[in-house]
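Next come two complexes built around chain A: one with chain B, the other with chain C.
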Partner chain A sequence: MGATGTGGAAFWATQVRAMLGLELKKTFLRARALPVVLVALLPVTLLALRAVVHPISGGDPAPAAEVARVYGHIFQLFFLRLVVFFGCFGIFTYLVRGETSERSLHFYLLSPMRREVFLAGKFVAGLVAAGALFSVSLALQLLLAFVPGVTTNGTGYLFAGPGAGHALAYFGVTLLAVVGYGALFLALAFFFRNPMIPAAILLGWEWINFLLPPVLQKVSVIHHLQSLCPLPVDRGPFALPAAPTPPALAVPGVLLLAALLLWTAARRARKLEVTYAGD
Partner chain B sequence: MSGRADRIVFAGVSKFYGEVLGVNRIDLEIGPGITSLVGPNGSGKSTLMNLMAGLLAPDEGRIEVLGLGADRPEELGRLLGYCTQFDSYPRGITGWDFVYLYLRLHGLGRAEAAERARAAIERVGLTAAAPRRIAAYSKGMKQRIKLAQAIAHAPRVLVLDEPLNGLDPLARAEALDLFRAEAAAGKHVILSSHVLHEVDELSDRVVLVHGGYVVAEGAIEGVRDEMAAERPLQVLVRCPEPGRLAARLFAEDHVVEAQIDPDRRGVRIRTENAERFYLLLNRLAAEGAVEVEQVLPADDDVQSVYRYLIGGQAQGAS
Partner chain C sequence: MPVFDRRYRGYAGPRRAERAAVWTLARFALRHLFDSKLTLVLAVAVGLVPLGFGTFVYLANNLDVLQSAGIQVDLSLVDNGTFFAFLSVQTALAFLFAAFVGPALVGPDFAHGALPLYLSRPISRGGYVAGKLLALLLPLSLATWVPGLALVGLQAALAPGWLGGHARVPLTLFFGSWIWILMVSLVVLAISAWIRWRPVATGAVFGFFLIGEAFGLAINQFLDTRWGSILALDDSVETIWQSLMGGATIFGRPVVQEPLPVAACAAMLTLVTAAALAAFRAKVKGAEVSR
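Moving on, here comes the complex of A and B:
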């Protein structure tokens, strides 16, 4: 072989890059991925409808600051909690469970690749796919929310006003969410044959988060993500106020959680066996 | 370990799927050349192959492939090419991508990976079909693209699970030529089949597998199919508690005779139904009711096959 040995960061990087190419073809650029794309574009569709219907129905353009406040709710309650959550669930669990359902896992396990690199490759592939998908969705959402005719001086607000900073924060939060939820679901998929149930429990946990005592609120991904959002969201009369975690802690917190989950999954991956031959 | 650097070694290997016995107490050494694992359905051929490829970890015992232990599965990938029994590929992938993209995982650059993929695909005669999706291939073409994938990285050990399944006579002859060429180049070629005469002429060595045990192994010179299930059988089962096994076996109606061996380290069994006997023995071993060390043919019939297989010198059995 041209390459010798199976070690060294440069060699592992080459393998991860090769995995990206492979996953792109066999996992992402396929009709099977369409449902996730549709879910990711759901908020875009809704905002597009508004952009079309609002002027027709004779509504006046809304002030940009008001639109920004409403969009803050859409972002946190709809996009982050549902779309990104379920999108990551679909993408990252399929990266693992798909290998068993298509009976193709052994091709990876037979390649001269450390199991840790295999895991890293899967994670990076998921990050790239989910990161790209949700970033595009987010960009379209922002453009449509602040489209002229629906929002007074929307483009000015978005590109030159306070909207620019918000947008930057939203992109950052989205990518951080992909890292956090991605690691979570990748790990789940390594431990559970059917990750649906633990994912449902997690969803519940993340949703009732704001009702929990502040200490427990911090034991969640969503709390840290919300702490980083530029505009506060009204969470109803029952919410227990918890001080947002400062960015200097929230970002490393999510990254640390992701690293911990990936480490656990890597230990599991080392013991992977292929038994689908018999079932 | 120097003497083992060119051998695949199984030492006391057992593998259970939960309660189900895959293989039991396997001691086996495989050298270069063509070795065929022959046995009926469910006898443990694929389990043995998955174990040597590192896709399964043994519950007991140790496996070494050309001096490489199970602790470095990633090194094994470079050394070994594997062609599974079942047809499975990532859905929607083309023949070319299947070989090329997985080859890239070896850390090869684009050009080298492409060159190797091209050569491997040409070797199995699928150059024209390579741009098409595997899902649209015939059974024989699927076999061949799997073979191309297995040989593309030029491994020293080729593990091929029922590689002749679904091949027409011409493709079969070409595949056999390929196996011979690999063996002539000093490689280890390990095949499996459930019909002895399919592989006998080709193989330097045959390992007969039945009910999770290696029942006979050796060189082979001709054709003989002795693996019929419902035939009488005499075997010697070596175990530490022969009394217990004998008592348990005697209750079965297909067991005609269960005699404790004079050295008190085994039971000599005569049964009218080999299949049922092996199933029973597996169940007992899986339940932990008895500990089985070794199963040896002690039957005139099996004995003759056995003698035949190893070229006239029977071993092991009395």
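Moving on, here comes the complex of A and C:
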């Protein structure tokens, strides 16, 4: 197969690239993607509001370290837990179940392409779209949080101080979250006609994570992501203390989980049959 | 050879009023409501809570039953807090029910272009909206104010004179439930009509409420205000319930800490309900241009 040019890694990479272009055009650069974009930009709206309101109210600029602490809360409790979670749910489940809903999945399945390549193409497309969207949102958030005039020496803190390291860590955690949640939701879309049911259970599990015993806290994506965040946040009086996972374990752990989920989804994809009547 | 007259004859049977079509829509929607196992599970969960509260009300009024069984307990008397807790739990379950069941009521109609078929019959756009809304409001009523009033009836029967001192409780259960279920139903239907695809519509309903609440908390934290809580719709409705009840405490603490003004909460809920109704109605069209 490899000798004829219709198989092998290079050919599959070409197919994945073709799928990436197609998905970006037909799924992500369309008006239907607007709700996800708006959700991703919610934290930006909040910080823009602060940048506008603060000078008008005549308050003193906040110290950069204090802003970094408050931003840590917003990143972990709002951006990561809800915005990225729901954004990835919308993007990655739509990649498969959306095709079923629009009666267009069979075009992919009829094309001369391995099912694993089809899955990889979908995952890469979601990864690129979600990664770009949430990275842009994060960049805007950081710029607005440390904008001069609202935060004392904000620019210095962000570009020359400890803020630069924090920003890099936040970008890394965001991309890792997209990989982890993306693989999870893509796999769910292959196994469940209504992936919202397991997703809601998962949301509940991730939401009550801080109340669980330390061993169970580690059986979640959010615990490993929060372990990688540069600033710890107060999780409330009822939180059970659990040691953060070291980065050397947290990063490979999430990547391994994603790989396992994609492998499982690939096995399912091999036997995938389209029966639109049930949807 | 007989010759039969095969010419067209108009329908000469009894005609129902145009308003009856609303009930027809709701009836057909309700018929398929419990086809899904998930709906059944949610319905059972919704039904179990009033049984639990009913047991509590009975035992709280018959402590001698427990004492005769050798169980020494200190059950506080049934008060506003008990019914506030009931309302909170049941409306949360009603929200789950609406979020999972609601999108199936209208999503397929929009996804498969069935609106022209509905609207070609003697039913108006408003009638379609009312029919689908009714199909969601009926089960949600059975989950919230109906068992709530039954519990009040049980308590009033077991403790004569109780109702006189707690006249605001049944009013709060009735009006408080309606405020919540009407808003949730319209938000679910509007989101389902615009998103069409059921799982994402359910996700969007969760997102609308959860992200709104978290966004409000983030506003409070970053802008050093308490007005961000206006976006937490469940907190807003609880503020209204507390006001309707004339105060309620659970374990000796007010159920809503530092509440916003009731008028502001009511205005917010009215705005969301009206916007959802407008969004849903705008989507109900007999024809659609696809590009």
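The rule we apply is simple: the second predicted complex is superposed on the first by the 270 of 279 C-alpha atoms of A that agree within 3 Å, B and C clash if a C-alpha of one lies under 4 Å from a C-alpha of the other, contacts with A are read in each partner's own complex, and residues count from 1 in each chain.
Note that a residue touches a chain if its C-beta (ideal position, glycine included) is under 8 Å from a C-beta of that chain, and two chains touch if they have at least 3 such contacts.
Since the model is a prediction, treat every value here as computed from it, not as a measurement.
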| item | value |
| --- | --- |
| Overlay on chain A: chain C relative to chain B, clash or fit | fit |
| Chain A as apex of chain B and chain C, Cα-centre angle in degrees (nearest 10) | 80 |
| First (chain B), second (chain C), both or neither touched by A:M19 | first |
| First, second, both or neither for A:F11, with chain B first and chain C second | first |
| Which of chain B and chain C A:K271 touches, first, second, both or neither | first |
| Partner chain in contact with A:N194 - chain B first, chain C second, else both or neither | second |
| Shortest span in Å between Cα atoms of chain B and of chain C, once chain A is used as the common reference | 5 |
| Residues of chain A at both interfaces, chain B in one complex, chain C in the other | none |
| Partner chain C, residues of chain A touching it in the complex | 35, 39, 42-43, 46-47, 49-50, 53, 70, 73-74, 77-78, 81-83, 86, 89-90, 93-94, 97-98, 101, 194-197, 199-200, 203 |
| Complex contacts: residues of chain A adjacent to chain B | 1-3, 6, 11, 14-15, 18-19, 21-22, 25-27, 30, 32, 102-104, 106-115, 271, 273-275, 277-278 |
| Chain C - residues contacting chain A, complex | 38, 100, 111, 195-200, 202-204, 206-207, 210-211, 214-215, 217-219, 221-223 |
| Chain A-facing residues of chain B, complex | 17, 46, 50, 53-57, 73-78, 80-82, 84-86, 88-93, 97, 101-102, 104-109, 112, 149, 153-154 |
